[in-house]
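What follows is a single structure, and I will ask about it in a moment.
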Amino acid sequence: MFEYAPAPESRSVVEIRSSYGLFINGEFVDPGDGGTFKSINPASEEVLAEIAEAGPADVDRAVRAARAAYEQVWGPMPGRDRAKYLYRIARIIQERSRELAVLESLDNGKPIKESRDVDLPLVAAHFFYYAGWADKLPYAGFGADPRPLGVAAQVIPWNFPLLMLAWKIAPALAAGNTVVLKPAETTPLTALLFAEICQQADLPPGVVNIVTGAGDTGRALVEHDGVDKVAFTGSTEVGRAIARSVAGTRKKLTLELGGKAANIVFDDAPVDQAVEGIVNGIFFNQGHVCCAGSRLLIQESVYEPVLESLKRRMARLRVGDPLDKNTDIGAINSAAQLDRIRELSDIGSAEGAERWSPECTLPERGFWFAPTIFTGVTQAHRIAREEIFGPVLSVLTFRTPAEAVEKANNTPYGLSAGIWTEKGSRILWMADRLRAGVVWANTFNKFDPTSPFGGYKESGYGREGGRHGLEAYLNV
Amino acid sequence: MSERVAVRKTYKLFIGGKFPRSESGRSYLVEQSNVALASRKDARDAVVAARAAVKGWSGATAYNRGQILYRIAEMLEGRRGQFVALGVPADEVDAAIDRWVWYAGWSDKLAQVYGGANPVAGPYFNLSAPEPTGVVAVVAPADSALLGLVSVIAPAIVSGNTVVVLAAEERPLAAITLAEVLATSDLPGGVVNLLTGRAAETAPWLASHADVNALDLTGVTDPALAKSLEEAAAGTLKRVLRPPAGPVDWTADPGTGRMTALLETKTVWHPKGV
Amino acid sequence: MTATTTSDRSDLSELGRSEATLRAFLHGLPGVDQVGAEQRAAQLGTRSIKTTAKAWAIDLAIRMVDLTTLEGADTPGKVRALSAKALRPDPADPSCPHVGAVCVYPSMVPYAAEVLRGSKVHLASVATAFPSGQAPLAVKTADTRAAVAAGADEIDMVINRGAFLSGRYKAVYDEIVEVKAACGDAHLKVILETGELATYDNVRRASWLAMLAGGDFIKTSTGKVPVAATPPVTLVMLEAVRDFRTATGRQVGVKPAGGIRTTKDAIKYLVMVNETVGADWLDPDWFRFGASTLLNDLLMQRTKLKTGTYSGPDYFTLD
């Protein structure tokens, strides 16, 4: 047997302070009316740092700082100079990418190979892409002189902490807005390191403000009268509440919410690549992916061989230490999320679906869940309808293309979908009919700063990425 | 010779290409005419009709949709006098006709202007294209009974959406007459459904309706109602076009904002290989 | 190494009967998406193999080397030296394993056989008008028989790429069957020359064709065309032998050849074997590297692991 020896990435590349304040007006400050909370490593439950929790007065301070920076510095600044700051940030991110990747894996639990090879390259690319827009806004198709909105309140999730920060901050700043961003309470550390990068880049104070905290902090931020724009990525449930809370205001809102994507495999699919796509679709980032291909639809004529291939492939997945360079599946981000995954999986079993996981030894400490598939699932099962946000795949079958489309669309969500077939005309026929913002054909979970991302229906509205992503931050 | 006794028109609802009375049996008086007073069940029926029309209308070619919108302009031109007789200023009728013509031309250009290839950093074909969001509920503006109405319907349907429109409560006659134009313009039944009555009564049902994808509040003048409708729309995360911040000049260049607000962007990836 | 037994095993022996059945079968195999296959191969290349795992992999890789010389300038002296090196790759370290085989032209087989006789190092000979394969079938089979008679126990044949690319699958099939018969007890490695097959779909079809016709090994390349073994090509071939065993119960070996020069490269291939077909193929009987310069790099890395200091080329034999 070929046993891979441990290959841990060094932790020493990153220095974590014992405590962090709020980043307001270019400085780290103590919270005025908030408390503190701890951020832990989900792979070990070790406390990484103590984090300031912003109260309403702190949020107010941050919004005022952003407003002042918008009116006095960033708004009036020529686009070419905003561009240079963003390019500078992109470069610093590239230079410090190993440090950021290690910190991301420590705080989030995702495997280092993903934070290193996926998250960080995309983060830098995103800043690089939007930097180039800053002095070209009149050419973006939103009129001759599109104006920024003002202060953007941005609330981001824990699944791709730094990447979601990049998706929010880069277009906002390129368009001339200033921001107050709240990272998720379980993954604040890379956002705080990003704050240091803003300092290193000499970004004018107040252009980027980071307020840490949980739901209350986020609510205070999005409900603050001084913000002109709210951008949220997270659960559909919270998205609904935010949409309600901005009702009757002039705040522009974009939401990137949940999903329950169908990944559809036809009998003429390139099977080996399809199996990789299925695995990547649901086990990438422990399944903590809003666009995860969490419903596998296999054409009945190839159900058994595809399922066998999938199981064989799953048996090769390496679950464990996120910092080991050979780990494929890391830790579940939090105890709460682990509970949710367990609960829905238990419901899957109780509702009669057949559960299977490859043999794997999970570490004793920390939050872990083995890669799991459920077969015998129908559209009526809760595990086929609700977003599990974990490494759990529901397997269904279909007979005809029309049935596949019908099942794929039979959900309130509409974020993404996958199609696997070697027949080009069928791909385009399917793509036309799938009600999803991103359709991956013969691939899955691909992202690029130039490519718009966002959902139909209850998966949210607005697009992030590409030229489309600018619209969310312009007065159009 | 006695003067000829005129045949009066019954102003009914327009649902699924037909002109039913309100299922509630109610009507209200506008300028000596009894106009159907739509109920929540009429709104429900209108949504069913609009949903049924989505597949065919959004699946029609853009060329075909453009032709039909142009046909509406032709039909409206022919009935110009009817609207003038209803009190719509002649130049407003002209502007409404021209607006149909303007939007007709957008049908096969939207995807070119708002979609396109994305140069991703990898061996992939990547294309973004706009698509209709689905069923749109519209509260039509009251300040411009015909031009305002056309200006909210046309941008919604040109891309393939279908609509349920609540005509302005006090000025429904031009709206129903427009429905008669639509009914004779090769527009498939259910693409435009028009309800007369009280927005305050029916709009909340549309705002909370789970089979409605978007809500255009242009005609809502009461801020409290607008807020509560937007809150209701949040239940299923409908796209919401808020009421305008101030008075709207309906004769001005409409821009593309009304069309794009009711579009989804779909991005398709495919590897490039041999 | 024992093949798994499955109850619903297919009988594919009839497929070679006609052009139509062969074509229908080969074109019915699942397609290979180029981008996806290349990405998977690249991902496997990011595995980090350290310390004990690396030491284990290096020794296995040495045992898998088909130490090769296929030059017009080959002489008995050169071949004898190479064969001696195959037996004792690192004369300074008796714990260093011998390589899998020596691979030479048919005319050089007798000289290698002198040195290797009685050892466990196999003797492979290229045959069938290597590398072009452009010779009458009678010449190819004679070439094969001569090599076996001279002492080769493994034959590396080339397929007729011209016939394959023009869709004459039966011609390719029949030729492999004939050569296999000429091999007698010698193992037959079928060189697909993947660099000339242009697509991964073709690589998969050629792999199945070679296996259906009775090949014991499928091999990527002659080393004589610009593109030799690559990780994705090898991945597609590994998937083919895996699926072939599932379908028929017969296990076939894989040999990437050409362009594999470093320990790092070799370990990437071993990772690919491990994660694609598993431990059954992690054995010189089922996986080989066709290489020449690779061996010295493996030896240098092996020494580095043992001594903790980097070695240099002067400390290893040139042959």
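Note that the chains are named A, B and C in the order they appear, and that numbering of residues resets to 1 at the start of each chain.
Rule of thumb we're sticking to: a residue touches a chain if its C-beta (ideal position, glycine included) is under 8 Å from a C-beta of that chain, and two chains touch if they have at least 3 such contacts.
Everything numeric in this text was worked out from a predicted model, so none of it was measured.
Chemist: Pick the pair with more C-beta contacts: A-C or B-C?
Modeler: Ranking A-C and B-C by C-beta contacts puts A-C first.
Chemist: Greatest Cα-centroid separation from chain B: which chain?
Modeler: C
Chemist: If you average all the Cα positions, which chain's own average lands nearest?
Modeler: Of all chains shown, the one whose C-alpha centroid lies nearest the global centroid is A.
Chemist: Averaging only over C-alpha atoms, locate the centres of chain A and chain B and give their separation in whole Å.
Modeler: That pair's centroid distance is 36 Å.
Chemist: Once you find the CA centre of chain A and the CA centre of chain C, what distance in Å lies between them?
Modeler: Averaging C-alpha atoms per chain gives centres 44 Å apart.
Chemist: Quick one: chain B and chain C, Cα centre-to-centre, how many Å?
Modeler: About 68 Å separates the centre of chain B from that of chain C.
Chemist: Residues of chain B that touch two or more other chains: which are they?
Modeler: Chain B, residues with two or more chain partners: 122, 124, 271.
Chemist: Where in chain A do residues touch at least two different other chains?
Modeler: 442-443
Chemist: At least two other chains touched by the same residue of chain C: list those residues.
Modeler: 33, 35-36
Chemist: Touching chain A in the complex: which residues of chain C?
Modeler: Residue list for chain C touching chain A: 30-33, 35-37, 39-40, 46-54, 56-57, 236, 239, 270-271, 274-275, 279, 282.
Chemist: Chain C touches which residues of chain A in the complex?
Modeler: Interface residues on chain A, with respect to chain C: 1-7, 113, 117, 268-273, 276-277, 316, 325-326, 422, 442-443.
Chemist: Report the residues of chain A in contact with chain B in the complex, numbered from low to high.
Modeler: The touching residues are 125, 141, 236, 239-241, 243-244, 247-248, 250, 255, 257, 412, 427, 431, 436-443, 446, 448, 450-454, 456-458, 460-461, 463, 466-468, 471, 476.
Chemist: Mind listing the chain B positions that touch chain A in their complex?
Modeler: Interface residues on the chain B side: 113-114, 116, 118-122, 124, 126, 128, 133, 213, 223-224, 226-228, 230-231, 233-237, 239, 242, 245, 257, 260, 264-271.
Chemist: For chain C, which residues count as touching chain B in their complex?
Modeler: It is residues 33-36, 198-199 of chain C that touch chain B.
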